[in-house]
Amino acid sequence: MSDEAQQPEAEKTLFEAPPMAEQERMVEAILFATAEPVTVRELEARMPHGCDPAEALAHLRKRYEGRGVRVVRVGDAWAVRTAPDLGFLMQKETVETRKLSRAAVETLAIIAYHQPVTRAEIEEIRGVSVSRGTVDQLLEMEWIRFGRRKMTPGRPVTFVVTQDFLDHFGLESARDLPGLKELRSAGLLENRPPPGAMPQTGEGDVDADEETSEGQSELFED
Amino acid sequence: MSDEAQQPEAEKTLFEAPPMAEQERMVEAILFATAEPVTVRELEARMPHGCDPAEALAHLRKRYEGRGVRVVRVGDAWAVRTAPDLGFLMQKETVETRKLSRAAVETLAIIAYHQPVTRAEIEEIRGVSVSRGTVDQLLEMEWIRFGRRKMTPGRPVTFVVTQDFLDHFGLESARDLPGLKELRSAGLLENRPPPGAMPQTGEGDVDADEETSEGQSELFED
Amino acid sequence: MTEEDRETTTEHLSVAERLASEALIVDVDGFEGPLDLLLTLSRTQKVDLRKISVLELARQYLTFVEQAKALRIELAADYLVMAAWLAFLKSRLLLPPDPAEEGPSGEELAAHLAFQLERLQAMRDAAAQLMARDQLGRDIFVRGLPETVERVRKVHYTATLLDLMQGYARIRTRDEFRPFVMDRDHVFTMEQALERMRGLIGFAGDWTDISGYMPEGWGDDPIRRRSATAATFAASLELAKEGKVEIRQSESFAPIQLRRRDPRE
């Protein structure tokens, strides 16, 4: 119905600015491809004569509302940017599988075989101090957790293994862990003691084990 | 009462993929954020678990039809690129590409249409030896790369075109090379061994050629 | 006879053709080898490459080479090789096929040359079409303001049950666990003997039996005695080498004696 009214419009566009939809496309392409935010003045300079970049921008801005990218104002210039709620996609996560350190494996093993066990006891058995990082790592992996406190002076916390731990290693309970004798007969010990070995030291461990020995000693019978 | 029935539902949605409209936004954000084409596999890796980037891409591509930027396929990756008809707005962004010599352009075309192709085969087609510089230039531009070796005596290396090549010339895949079908049906992509001795170099490649024709036809079969 | 034939056909070339081939010769550096030249020559036939007359083409090429010779223009070897081959092809094409002759027929050779020309032309057309496409950075543009994708490295630690058990066994058998350490209780090392003797030789102004330097408590057990004796003897030799002591033995199996060597001597 407004055809007559638009006809002269259309004719005029031959010498005047392209239709607004086209101007919007142009602004879209320029904002996309330009290395820095673009001012309206610059848009005007780059677009064909007679264009109204401000209006085109307003249309474009509306079009991108709620989309994955938005048309945003940066100072007195304009740019296309990722929608803030999708910022998390701008991370590329690379998962690397690494073997647990020897210290962590040993600490974990002691907890598994001696649980509930205090840090002091772990250190006693390993013969070296246990770094905070090692314990934290195991806690974070959710392979160990805090057990009940020991009823000894200072009421130290204890560590026990978790269900996750059992799941990971395919164990029903920590009791299923093989004892030394079994490990040896299964050939799982890397080194056998040389023939005619000296009597073992290791009295040091005895005290440490004392509390737990009841529960676990049968595991380690040799 | 119905709580039990709903419980699993609710639990499921926690781990279900976001709605398709949301997935489309995510793909949009990821593609807009980078100048390099992004593979479906990478989209999958960056989007929440269970997303279907291929479908989201199809929606997104449709959405951008006729707009100032387009969603284009580049090999097995996707990218957002400005519409070709708006290139005139982008003088500022135009990068002066090194003018390729006629030899380089021809060599590039032969690699694209005959890939994987050996140097000897390129020479056979052009009737002159291919200078090291020509190949180096194309390799440096990352428009060609080494393909697998030919299973022929001497196991010569082959050349194939890269994703950058497809991206540069706006090709979805090597199958979309202009006139490929006609050339193939005219038998012009065959490596016909010359009857008897020829003044050409590279008689030794005759066997090599025989094997290649299979490789190419399978590559471009549609 | 065929020679004459060729001569006559050359003579029969029109003036225009002659001028054309001369023009080509001036531009000889502009050609990428004989195949490129042949392709250019073939255009004068103004026909579809598939219907090209290879015989005619051979004539044109040979004329070109003749002209170049006449003008004393040096042609690269491959142009001359091609000329020789085309002369051979021409004779094949002109002569009736000889069934006794080995090798491909003239027609086969001509067909292959035509194929090569057609293929080269096809690749040139393809190259032109390729370069005529909208190109990235000229007609099509990438994102000008890419956002940085942060790389988050997530480390997933793992261990096997075997690691765990071996780790445990390592601790529990730490003391049994001396794969490379000899049982020192039965071994007296040369280092130990040296250390012991260094402290004693200062007093050995006179010849003393080496057995006097044996460590205490090592003489009873035969294994221990052997080790201590060997170590003490080795240490004595070491000290003699250093010039700290002198060693003597009156006869075989007689006691070995040593004394301090005076630094003055």
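For reference, chains read A, B and C in written order, and residue numbers begin at 1 within each chain.
Everything below uses one rule, namely that a residue touches a chain if its C-beta (ideal position, glycine included) is under 8 Å from a C-beta of that chain, and two chains touch if they have at least 3 such contacts.
The structure displayed is predicted, hence computed values, not measured ones.
Student: Of all the chains, which has the CA centre nearest the overall CA centre?
Tutor: Given all protein C-alpha atoms shown, the central chain works out to be B.
Student: Taking each chain's centre as the mean of its C-alpha atoms, which one ends up farthest from the centre of chain C?
Tutor: A
Student: Would you kindly tell me how far, in whole Å, the mean C-alpha position of chain C lies from that of chain A?
Tutor: Distance between chain centres: 41 Å.
Student: Hey, how far is the Cα centre of chain B from the one of chain C, in Å?
Tutor: Centres of chain B and chain C (C-alpha means) sit 29 Å apart.
Student: So how far apart, in whole Å, are chain A and chain B when each is placed at the average of its C-alpha atoms?
Tutor: 33
Student: Which positions in chain A touch two or more other chains at once?
Tutor: Where chain A meets two or more other chains at a single residue, that happens at 29, 32-35, 80, 82, 90-93.
Student: Would you pick out the residues of chain C that each touch at least 2 other chains?
Tutor: 141-144, 147, 149
Student: Where on chain B does chain A make contact in their complex?
Tutor: Residue positions touching the partner: 24-30, 32-33, 42, 45-47, 66-69, 80, 82-83, 86, 89-90, 92-93.
Student: Which of the residues in chain B come into contact with chain C in the complex?
Tutor: For this pair, the touching residues of chain B are 32-35, 79-84, 87, 90, 93-95, 97, 100, 102-103, 105-106, 108-110, 112-113, 125-128, 167-171, 177-179, 183, 186-188, 192, 194-199.
Student: Could you list, by residue number, the parts of chain C that touch chain A in their complex?
Tutor: My answer: residues 141-145, 147-179, 183, 185.
Student: Provide the residue numbers of chain C that touch chain B in the complex, in ascending order.
Tutor: For chain C paired with chain B, touching residues are 32-36, 78, 81-82, 84-85, 103-104, 108-109, 112, 115-116, 118-120, 122-127, 129-131, 133-144, 146-147, 149.
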